[in-house]
Amino acid sequence: MVTIDLETEAGRREALRRMCSIRAFDSTAGELFADGEIPGFVHLYIGEEAVGVGACAALDEDDYISSTHRGHGHCIAKGLDPEGMMAELYGKREGYCNGKGGSMHIADVDSGMLGANGIVGAGPPLATGAALTAQVRGEQRVSLSFCGDGAVAQGQVHEAINLAATWDLPAIFLVENNQFGEGTPVEKQHNIENLSATAEAYGIPGITIDGMDVTAVYEAVSEARERARAGDGPTFIEADTYRFRGHFEGDPEPYRDEEDVSAWQARDPIETFAERLIERGELTEEEFEAIEEEAEREIEAAVENAREAPEPTPEEAYEDMFSQPVPEITDFARGDVRADGGDR
Amino acid sequence: MVTIDLETEAGRREALRRMCSIRAFDSTAGELFADGEIPGFVHLYIGEEAVGVGACAALDEDDYISSTHRGHGHCIAKGLDPEGMMAELYGKREGYCNGKGGSMHIADVDSGMLGANGIVGAGPPLATGAALTAQVRGEQRVSLSFCGDGAVAQGQVHEAINLAATWDLPAIFLVENNQFGEGTPVEKQHNIENLSATAEAYGIPGITIDGMDVTAVYEAVSEARERARAGDGPTFIEADTYRFRGHFEGDPEPYRDEEDVSAWQARDPIETFAERLIERGELTEEEFEAIEEEAEREIEAAVENAREAPEPTPEEAYEDMFSQPVPEITDFARGDVRADGGDR
Amino acid sequence: MSTATEPSEGRESTETMTIRAALREALREEMERDEGVFVMGEDVGVFGGVFDVTGDLVDQFGEERVRDTPISEAGFAGAGVGAAATGTRPVVEIMFSDFLGVCMEQLMNQAAKNRYMFGGKTEMPLTIRTTEGGGMGAASQHSGTVHTWFAHFPGIIAVAPGTPEAAKGLLKSAIRSNDPVMVFENKMIYEREGPVPTDPDFTIPIGEASVEREGEDVTVVATQRLVGESVDLAEDLDGDVSVEVIDLRSLYPLDTDTIVESVEKTGRLVVADESPLSYGTHAEVMARVNEEAFFSLDAPMQRVGVPDTHIPFSPVLEEEVLPGSEDVRAAIDRVV
Amino acid sequence: MSTATEPSEGRESTETMTIRAALREALREEMERDEGVFVMGEDVGVFGGVFDVTGDLVDQFGEERVRDTPISEAGFAGAGVGAAATGTRPVVEIMFSDFLGVCMEQLMNQAAKNRYMFGGKTEMPLTIRTTEGGGMGAASQHSGTVHTWFAHFPGIIAVAPGTPEAAKGLLKSAIRSNDPVMVFENKMIYEREGPVPTDPDFTIPIGEASVEREGEDVTVVATQRLVGESVDLAEDLDGDVSVEVIDLRSLYPLDTDTIVESVEKTGRLVVADESPLSYGTHAEVMARVNEEAFFSLDAPMQRVGVPDTHIPFSPVLEEEVLPGSEDVRAAIDRVV
C-alpha cells in the first residue's frame, strides 16, 4: 500500500500539500537562520520537493528511507511532523532528537526514517542494511536511499549498490541530481552524461527521470518498489532537479549564474504541478492558494511552538550515549570529577 | 617505448622467459613456504603470468604500476630482481624492503613499482596519484593498477576510477579476474557477467580480454597506454584468468572442484604461448625447456643467496619509520626506557 | 555498566576449550537463542573464516545467517548498522583490524553516533569482531593493534578478552547488548585453552576487569595475549616478587575500581598491552590511577607495548618490537 | 626532530594576522617556492574552501594546483599518497576531521606505513589539513576532535597549532617534510589574531612545544583553541596563581622535555585539549610526566576535555560538553 496514491485526485492534492509544506518549512528555516534564530548549518530542499514527495508517496509507511544533509524534505515527505522537526532545528528537547541532532540529523526510525546524515554517501549502506533486515526477517518492506549527485562519487555508495544487487535486496537508490555538490558542478565530479549509467556496473535497471515532476518520480519509484518486493533486486533512479538556494544558507554562490537559477526556477515543481491540476480541473487557483497558506500557517505554528519549547537542561548532554549507564559518563554527569589522587 | 616489444621475435621470447621466471619463483616460494622456510602469508600468481607480463611489457620502464597481495608476478614483470624479492621473502636485510615488508609489500618505486599491497583495493588510488603526478608535472608517464575481481567491490577502487576518468588522467585499471576473491566466487561478489561493465559508470572504455593470452593482454594495454598518453583518460580492462593454487599457500580450497581447476590448467598461459611460438617456428621444444631450466636456476640461485644473506639486526626494527629522527623511537632503539620518574 | 542480561552465575560446570571454540560456541548459542542474530563477513561461510572462528556455523544456520560478503567493509559494516537499527543483531567480522580503516566512517559516524544524535531513540545492537596483533610474520598491514582508537571514540563499547572464559562471556554480552560493541581478538591466542562455563546463560558483564592472579608487590594490568604471558611470568617470579595480574577485558568502559583497588594494595603498576606505546591504551590506565590512586603510588607507572613502530615482517625484527614476557619482567624490575 | 629545513630565526619582522591568513600565506609561499606543491580537496578552488582558508589561491596558481575534487576522500587522499610517493608534495584538505573515517585506510595503511614497509625507500611528503572542534552548532558529525588517533598511530606526524605563528610555521614545515604530516586546525579560532614572522623562510620545527606564558605554580599544557583560553585565563589569575601555559603544537612527536622541565618547576599539571577524555591526548602527556617527572609532582595531574560524549547540536548542550576556560580554572583549583 502506498502512502499517497497519485492515481487518485485526493492523492495528488495531498502530494501538492506536502510539497507546499516542505516549501514553507524550508523558506521559513532559511529566514530563521538568516535572523540567527537557528544555529549550525541549514541545507534547504527548495526546488527539489517533487523528488522527496514523489518517492515517499510511492512507499508504504512501513518502508524505510535513508536521507542526507538536505533532509527536511525527505522527513516531511515520509510523514514526519513539522512541529517536532522545527523544535529540533531550534535545539529544543521536544525535537525529534531531543535537540541533540539539529537539522542534519533528524531521524525517526519508527516512521521508517533512518536519519538525515551529515556524511555524504553514508545513507545508502544504512538503507541497504534495512533492506537486509527485511530479507533476513522475511518482511515485505523496501528501503530507499536518497543521495546527491555528489555522493555518487563516494565509494560506500557503490559498495552498497553492489551488495544490494548481488543479494537481490529490496532496495532503491534514488539520486537527486541537483547539478552541484556544494560549489562543484556535476560535470566536474563525474565523467558521464547521466548518472543512471552507474546502474550498468551493477547489472540493475537504471533510469533518469524528471525530478521536477512529482508524478514521474512517483511512477519510477512505484515500479522500482514492485521490482524490489518481487525479489528482483534494486533499481537505480536519477532524478534531475535543482536546488534553488545556495548549498547552505549563507552560501555566496560564486559557482553559478543567476540565469541558470532562473531557468530552473521556471520549472518550479510546485507551480508546475499545481498548474497541471488546475488545467485538469482538479484544483482551482484559490484552492492552491489556500493550500499554500495552510502550509505556511502550519509552519508558523511549528515555529511558535519551537520558540516557546523549553531548552534542554545541560545535564541532558550526558544522556543517550548508551543503552545502559556507563560509569565514565555517569561521573561526568554528576559533575563528579575528583581526580584527587585517592587517600594519602 | 615499451619494455618488451611483443611484435618482435626477441620480445616474444623475452615475455616467455619472464613468465617462466614468475612460474619458477612462485613454485619455489610455495615449496619453501610449505617447508616452513618462509614466514607469513604467500599468495601465488601461478596461472596468471600472462596478465602481469603482457601488461608490463606494454609499459615503458618509466611508467608506474601498483600491485596487490598477489604481487610477485607483477614485480618480475616490471623488471624487479628475483634475488632481492626472494631475500625479502626470507625477511633478510638485502631484500627489497630490508626484510620489513615480506611477500605482501615488495616495492621499488624507482623501478615504477609502487608496491604490493595487503589491502584489497588500495592500489588503484595510489596509481591514480602517480598518474596525477604525471599530469601536474607534465610528464609523459602512465600508471597502471592491477587489482583482483574481488577488489572491484571496494569503494576506493571506484573512487579512483572516477577521479581518473573525470580528470583524464593517464591511468589504466587492469582487473585480474581469477574467478575468486579468497573462497568466494565472482558471482557471489558481483551481479554482472563481465566486470568490464564497470567502465560504463565512468564513461571510459571497458573491455574483457583473455587473460591467459599474453598477446591479448599486451595489445589491450598498449592501446590503453596510447589513449592515456594522448590525454584521453583511463581504460578499464578485465583479464579473465585463474589461479592454479589456493588463495594462499595452505588454503584447503573447500570452495572449488578439482575439475574446474584442471579445465583452466589446460589453458596454461605459459604452455599455450610456448606452443604457439613453436608452431610458428620461433622456438623449439628444447629451447623452451632451456628457458624453463634457466628460470629455475635463476630462482635457485636467488634462494641460495637469500638463505645465506644476513638477518637484519634487531635494532633495525627502529629504522625507516620517518625521514628524520623522532625522539620517541630513538629512545626505544637505544633501549633507553627509564621511566624512573626523574629526580626525587 | 551491565549488559542486557544480568551476569549469570552458572559457573558450576565448566569445559576446557580454546578461545576459538569459545567464540564459536558463543556465536552458536546466541544464534540459537535469537533468530535476529546473524553473522556476516568475508568468507565466514563455507570457508569458515580465515581464523576458523565461524567454522561450521553455516551448516547449522544456512547462508543467509552466516553470510559471505563481497570485499566491501564499508558497505557491509554500514549494512550492519542499518540492519541493527531496524531490528536484527548483526555480528560483523572484519578479518583483520588493519582493515577497520576501510569502514571507519560507518563505525565512527554512524554506529557510534546514531543513538546520541537521534536523542536516544535508536538501538544499535551491532557487534563487530576483528583480529589484532603481531606474531605470525604477517607484516604491517595484517598485524596491527588499533583498539585504542575505539576505546577512545565515544559511543563505542570495546572489549578485548585474554582467556577463553572472557572470550565467550564477552562475545555473548556483546551480541545481547543494544550498543555497538567491538570485540578485539588477538590472533595469536586462538589456541589458548582454559575452562569455560557450559551454561548457555553464562555471560560476563561488560565493564568488569578480572583479577586473574592475586599478588602483593606490583599490579600488572594486561590485555589479550599479554594476560597469559603475564600470568605465566607471575608464576615464574613467585617467591621473588608477588605479582597481581588483572585482565582488563573491557577497554571501554574501563573498570577503574578494580585497578585502583589493586594499586592501593601494591603501590606499583605495569600496564602491558600490544598497542603502540604513544597515546596507547596504557596511558589511559595510568591516567585513571593517577587520578584516583596517585597517593598510593610508590613508583612511576610503567608501560609495555609496541615501541611506536609498525610490525615488521622479518621474524627477527617482529620479535624485537612485539612486547612479551621479558618486557613485562623488565618493567617490573624497574619498580620493585 | 627537525624538519627538512632547519628552523629559521628570521623573526625580526612580524605582521599581525589571523590563523586563517597565516595558513593561506603558508600555502602561498610554499607553492611559490616549490612547483611540486599542490592543493586538493572539496571546493578548495573557486569556492575558496568552506572555511575560506584556500581563499583566492586558485586565481594565482590555477585549477591544476588548487584542485577541486569529487566527494571521494578515500580516492583523493589515496591519490595524494600515490602522488607524494612519485615526486610531488600534495596538500590534501579534508573538510571536517569527522570525514577522516572515510579515508582512514589510505592514511593508516598506506601513508603511514609505506616508508617502513618498504624499508625506508619511499618518501611520503604528504600534508593533510583538516578542521576539528565544536562550538558552531554543527552537531556530532561536524564537530569532532580526533587527533589522538593520529598522534597514536605510528608513522604519522601530527600537529595542532594554537596561534597564527604556529599555524604558519607548522604548516610550512609540514609541507617541506618528507613524512606524512596531519595538520589539525580548530575551526573556532580561524579569526584569532597574533604576530607572525614575515620572512618566507620562517618555519617552526615539528616536535617543539612553546611556552606561551611563564608561571611558577601550575603548568597548563593546552592545544588549539584552549591555548588562547588558557593564556587569557592565566592573565586573569595573575597575582592569585602563577600559571605557565604551554602550547603543545606537535602531538607527535611530543616535546616531553619542555613539559617535564615546566612540571619540575611547578609540580602541578593540567592538560587541556578538546579530545574526548578517555584515552585522549591528555593521557599521553600525563603518562610522559609520570615517567620522567613523577617525583616532581605535588598533586595528581588533571585533565580537561570533552566528557566522553559526542558534540550535541543544541547550544545549551554543546556549551555543557565543550571544555573551556572555566573547566581549566576548575582543574587548576583542584591542585593549587
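The letters A, B, C and D name the chains in turn, as written, and every chain counts its residues from 1.
Note that in this section a residue touches a chain if its C-beta (ideal position, glycine included) is under 8 Å from a C-beta of that chain, and two chains touch if they have at least 3 such contacts.
This structure is a prediction, so every number in the text was calculated from the model and none was measured.
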Could you pull out the chain whose C-alpha mean position is farthest off from that of chain A?
-> B
Contact-richer chain pair [A-C vs A-D] = A-C
Provide the C-alpha centroid distance between chain A and chain B, rounded to the nearest whole angstrom.
-> 44
Just curious, how far off is chain D from chain A if you go by their C-alpha centres, in Å?
-> 35
Would you mind pulling out the distance in Å between where the CA atoms of chain C average out and where those of chain D do?
-> 31
Of all residues in chain C, the ones touching two or more other chains = 70, 72, 74-75, 98-99, 102, 105-106, 109, 116-117, 139-141, 154-155, 252, 254, 278, 290-291, 294-295, 299-301, 303, 308-310, 312-313
Interface hub residues of chain A, defined as touching at least two other chains = 97, 99-101, 105, 117-119, 153-156, 159, 162, 166, 188-190, 321, 326, 328, 339-341
Touching chain C in the complex, chain B uses residues 39-41, 88, 91-92, 97, 99-102, 104-105, 117-121, 150-151, 153-156, 181-184, 188-190, 254-255, 311-318, 321, 326, 328-329, 332-333, 337, 339-341
Would you mind writing out the residues of chain C in touch with chain B in their complex?
-> 42-43, 46-48, 50, 68, 70-72, 74-75, 98-99, 102, 136-142, 277-278, 299-303, 307-310, 312-321, 330, 334
Name, in rising order, each residue of chain B that touches chain A in their complex.
-> 153-159, 162, 165-166, 188-193, 197-198, 200-204, 233
Which residues of chain C touch chain D in the complex?
-> 98-102, 104-109, 112-113, 116-117, 139-141, 144, 146, 148-149, 151-155, 251-252, 254, 275-276, 278-284, 286-287, 290-291, 294-295, 297, 299-301, 303, 306, 308-310, 312-313
The residues of chain D that touch chain B in their complex are 1-4, 36, 38, 64-65, 69-70, 72, 74-88, 90, 105-106, 109-110, 114-123, 154-155, 157, 177-179, 207, 252-254, 256, 260, 264, 290-296
